[in-house]
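Here chain A shows up in two complexes: once beside chain B, once beside chain C.
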Partner chain A sequence: MAENSTLRLAWRGLGRNRKRSVLAIAAIGLGQFAFLATAGIMRGYADHYFDSVTGPLVGHVQIVAPGWREERAVDQTLDNVEAMLAAIRGQAQVARAVPRIYAPVLAALEEEGFVGMVVGADPALEGVANGLLGSEQLAGLLGDGRVLVGKGLARQHGIEAGAELAVVGQDIDGSIASALYEVAAVVESPVELVNSTGIVAGLQDAQALLRMDDEAHEITVRLHEAEQINQAADSLGAQSALQGVEIKRWHEVIPQLAGIIKMMDMYSLVVLGIVCLASIAGIANTMMMSTFERRRELGMLLALGANPGRLFRMVATEAVLLGALGVLLGTVLGACFAALTAGSGFDLAELGGEESFEMGFQGVQIASRVYPEVRASDVLAGVSAVLVTALSACVWPLLHVARLEPVEAMRT
Partner chain B sequence: MKIGRIGLLLVPMLCAAPSESQDAVPEAQALLEQFDEMYRSTGTAARIEIKVERPKKVRTMQMRSWSQGEDKALVVIDAPARDAGTATLRVGSNLWNYLPKISRTIRVPPALMMGAWMGSDLTNDDLVRESSYAHDYEIAGIGPSEEPPGWQVDLAAKPEVPGLWERVEVVFKRTERLPVLARYYDRKGRLSRTMQLEEIKEMGDRRIPTRIVIVPEREEGRRTVLTYLHVEFDVELDESLFSLAQLERRR
Partner chain C sequence: MDEVLVAAQGVKKVFRTGDIAVEALRGIDLEIGSGEFMAIVGPSGSGKTTLLNLIGALDVPTDGRIVLFDRDLGALSRSERAELRLRSLGFVFQAYNLVPVLTARENVEFVLELQGMESKKRRARAEETLAELGLGELADRRPSQMSGGQQQRVAVARAVASRPGLVLADEPTANLDSDNAQALLQMMRRLRDEMGMTFVFSTHDPLVVSYASRVVTLRDGEVQSDERKDTCG
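Take a look at the complex of A and B:
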């Protein structure tokens, strides 16, 4: 009963100066909305970066010959690749394991040479959603001297489907490697490296060009769950077929992108901090004004024998109510934002009046369109932060109440 | 001289016997001009062996080369059999590779000029560059060298000449005034490559270093050894030898 009346009194307290309360609620609401939107956008970007990076190009775990990552010399190959693949695929955490070959070449349609990169890929493994080609139809065109050429390279040098492309490089013995390929199609890959310089050949064609046996430069491993990365890397390292090779987790392969993803999480926390500050200012100001205005009334209640603890609860409830209403408003706005952008995404470039774009970063294609992902945990984080702030913000008003001398207060 | 001329085996040397005493400081400009002229000739034909040493393997190639004046050269690989017939033609600053296996001639683009030539420690650029020590560098000083013993000429790149090297040190033998060592420093002032000129022999009526060892710095276990097996200077060569048509006909 007493709690009910405290709530009622608190509610009435907020209604004393509606404009002030509405302004405070709006400020807190806006803060919560800003936090939810930022967290959603940042998570959307982080997830997009993570998928772009670990998806087609890097994978969750990479297996390469020692030193290959630094030097990328064509003869730094993994041997007995078939046995390695069998051992890797035997691990429960592993979803896919894909061998690849990379060889810089001089390519030419006619006489003029240009720089390219022969990427040896297994057609049976690269046509799936997270593969280098992402299309079974395209992957099916590979092999028997047929190659796919990245759209950037094709545009730059006028390469079209059906053209005959000569490539010259060095094989793993250091001798001259040369081949004539037929361009089966020009492709747009999720991997920037393929788009800008890639001449994607069947794994066997690439092995033949470079005089490799059962060899490849890299095995890219994708796991069922990204969270199992450490466990998976450790158990792969224990396999006898994988001794003497380098096993790298994705964030060791591209630490810069891992750093960016980490920074995005931090950015959301910074916004949460700003929300807390805004709430503190809004709630503290409102509650201070409200308690000062009610000095006389509070003094009278104390003189009539009201328990100071009840007055404390009343002020605290009022603060929490103010925060809760604000956070509710912000959450509703945040939910609307999430619902509106869930399917279509949200293009930051268009928002700034520019055309949407895709950029290549570290061989990965990254788009300006983002699909925000607001989670219940974000709402909870916002709610908890605002409520904790609300309680902290009413410490000063409470101290004021505690110091009230009933007679003194009634005189003012 | 320049690596390009060594690589393609270019021109005649005027190996004048020194007339002054061994202790008198020679004129640096004269030494450099002698270096430039060492392999230069109106027409040169040679057989060369290039051994490319890498940490895990050694690859040996044998080739024939012809050159005319300063800007025309043709190199055809004879061995190993796998690479036989592969040829490089240089005319001016253009470089073409002929690949017999696919019967194609491809011009090397500017972007690949710094790439390795046939997998060696020579770059494509080494083969085409017109650089001349006497013209492209300013003499920064000359003095005695302890190791190897001789006269060391310090060269600084002229600001208007584009090139890889900021500074070059060339050491000449005291007795014959022939170069024995060159150290190349990059734009950051780091020693980047060392070239040793060894086994001075009479060949093609000239005394020339017949073994050139190129050692890239900071790359353990790598070097390229170029050995002249046979050289003829001032021979008459047909102009048409240095044409794309001829390049493709050679197969």
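Take a look at the complex of A and C:
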């Protein structure tokens, strides 16, 4: 109770020069808003990339034959796939395990020939969300010699549903492999690889084409919780059915995208650093001016018997209040931004007057529309940064107070 | 003289600015007893404010010794002197020096709060003191909403609210008209009579001198005269 007046003095102190306080609060508020908006957009992108990468194409964990990732040779297959799938699905962390086959082929539509990629996919597993096809209806068209062709490949070579597509490649024994497929539909997959070169066949059709038995090139594993990747990879590695294979985490499969996502986090930190600098400038300037202007008053308080510690707390409380009001303003603005963009997303291309776009990179779809996600942890990070900054910013004014001699101060 | 509150012995104060040394006090010997109503007078530069600051433990002498409430100020640390000011002294400054963002009552409460007085008790004491000084209706006004005379009376209320043994007032009537100055002096003398407080003024004002029971005149940093009056005001 001894310090009722500290808070009161600090609060009312903000009103001594309202314009200056309002400007400082606005600067801090805009800084916090900029941080929340940037962190939200960056996280939106990072989540989109992560889902795009780990969802339909790579999965959280990938299991392949040794060396397959580097060479992609048709004969580098996983054997006893059914046993492997059973072992993988037995793990509590695993939500889904999908076998796939990839085989480069020469395809021909009537007289025209072109390069394509036969992707062997299990219709029962790829028609779900985060599957290669993302649609049960499309997945149901697969099998018995029917294939789906990626939109880009189809547009480039005039392939339409109902066309007959001849493919020629190499089977796992090195012999010529060939088949004649009927195009069941042209598809737009969330995976760029499928859109641009993909000839999606049923897993059994692909196995028949390449003369595979119980074999596949990769098993893509998706987990219930992305945070369990390391734990899941370790426990999969301990399974006897999975000995002698490569078990790769998603960021080992495509380290470039993992780097981009990490860079986004760093970018948010950079913005947070800029917010801190803006806060320091705003608060330090305000508190310095305010302390100098009150030199005589502070001297008088010392003369009355207030100890310097008391004045320290007064100045520091005022700085923290200034920061807190600014951060509150910024948080309200940030919450409004999050609420306004949560449903409809935020299209950076449209913001620049361009048309919204989607593009492929490393087999992954990247969209210009982002769905910002502001988390409580961002708000806390901003609040902590500004409050620590507020206290740091008043070090200089506090040093000034510490050196004050009441008689000298009151003379000014 | 009753109990001695202040004893100054051979007090000197030298201010230095670069190589230049200015001797503001040149060996002051002075005793101030309990219940005195004393004025320190003298021309500008005679050392009145310097002496008042030394007596008030706001500054330390270059040489000599000041004993205040039986404590040698030269032996006290900065924080001990602050504590002594807080517990035993009241100050009235020339330019009111109220905290502008606090109301009259809050200004008075401030010192009581520094002393650690409990909230309800200090509020009651502040209101009681303001009422005693005829400021009851101004308790919720801020300094900017009061006249100069009213502000100076609030400053007196703040100085006496904690019932200090000694109140030091530096030119308390300098910014007041004669009516307000007279009212202020009567009020302080009443506090002396009723509460036994000791008042020491530094002043140029003949009105203050006329109210004082003792007048110490300084000239060039030395005591020129020390006069006690039988009748005053």
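One rule holds in what follows: the second predicted complex is superposed on the first by the 410 of 412 C-alpha atoms of A that agree within 3 Å, B and C clash if a C-alpha of one lies under 4 Å from a C-alpha of the other, contacts with A are read in each partner's own complex, and residues count from 1 in each chain.
What we mean here is this: contacts are C-beta pairs under 8 Å (C-beta built on N, C-alpha and C of every residue); 3 or more make two chains touch, one makes a residue touch a chain.
Predicted model, so just to flag it, every value in this text is computed and none were measured.
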Fit or clash - chain C, chain B, common chain A: fit
Which superposed partner A:S175 touches (first chain B, second chain C, both, neither): first
Chain B versus chain C as contact partner of A:E111, first or second or both or neither: first
Partner chain(s) touched by A:D75 [first = chain B, second = chain C, both, neither]: first
Touching partner for A:L328 - first (chain B), second (chain C), both, neither: neither
Residue contacts with chain A in the superposition, chain B compared against chain C: C
First, second, both or neither for A:I260, with chain B first and chain C second: neither
Chain B versus chain C as contact partner of A:I274, first or second or both or neither: neither
Touching partner for A:A166 - first (chain B), second (chain C), both, neither: first
Partner chain(s) touched by A:A124 [first = chain B, second = chain C, both, neither]: neither
Three-chain overlay, closest Cα atoms of chain B and chain C, distance in Å: 78
Partner chain C, residues of chain A touching it in the complex: 1-5, 8-9, 12-13, 15-16, 296-297, 300-307, 310, 405-407, 410
Residue ranges of chain B touching chain A (in the complex, touch as defined): 52, 54, 56-57, 59, 80, 82-83, 86, 96-97, 99, 101-102, 104-109, 111-112, 116, 118-119, 244
Contacting residues of chain A [partner chain B, same complex]: 75, 106, 108, 111-115, 166, 168, 170, 173-176, 178-180
Complex contact set, residues of chain C against chain A: 53, 56, 58-59, 79, 82-83, 85-87, 89, 91, 93, 97, 99-102, 106, 109-111, 113-116, 118-119, 158
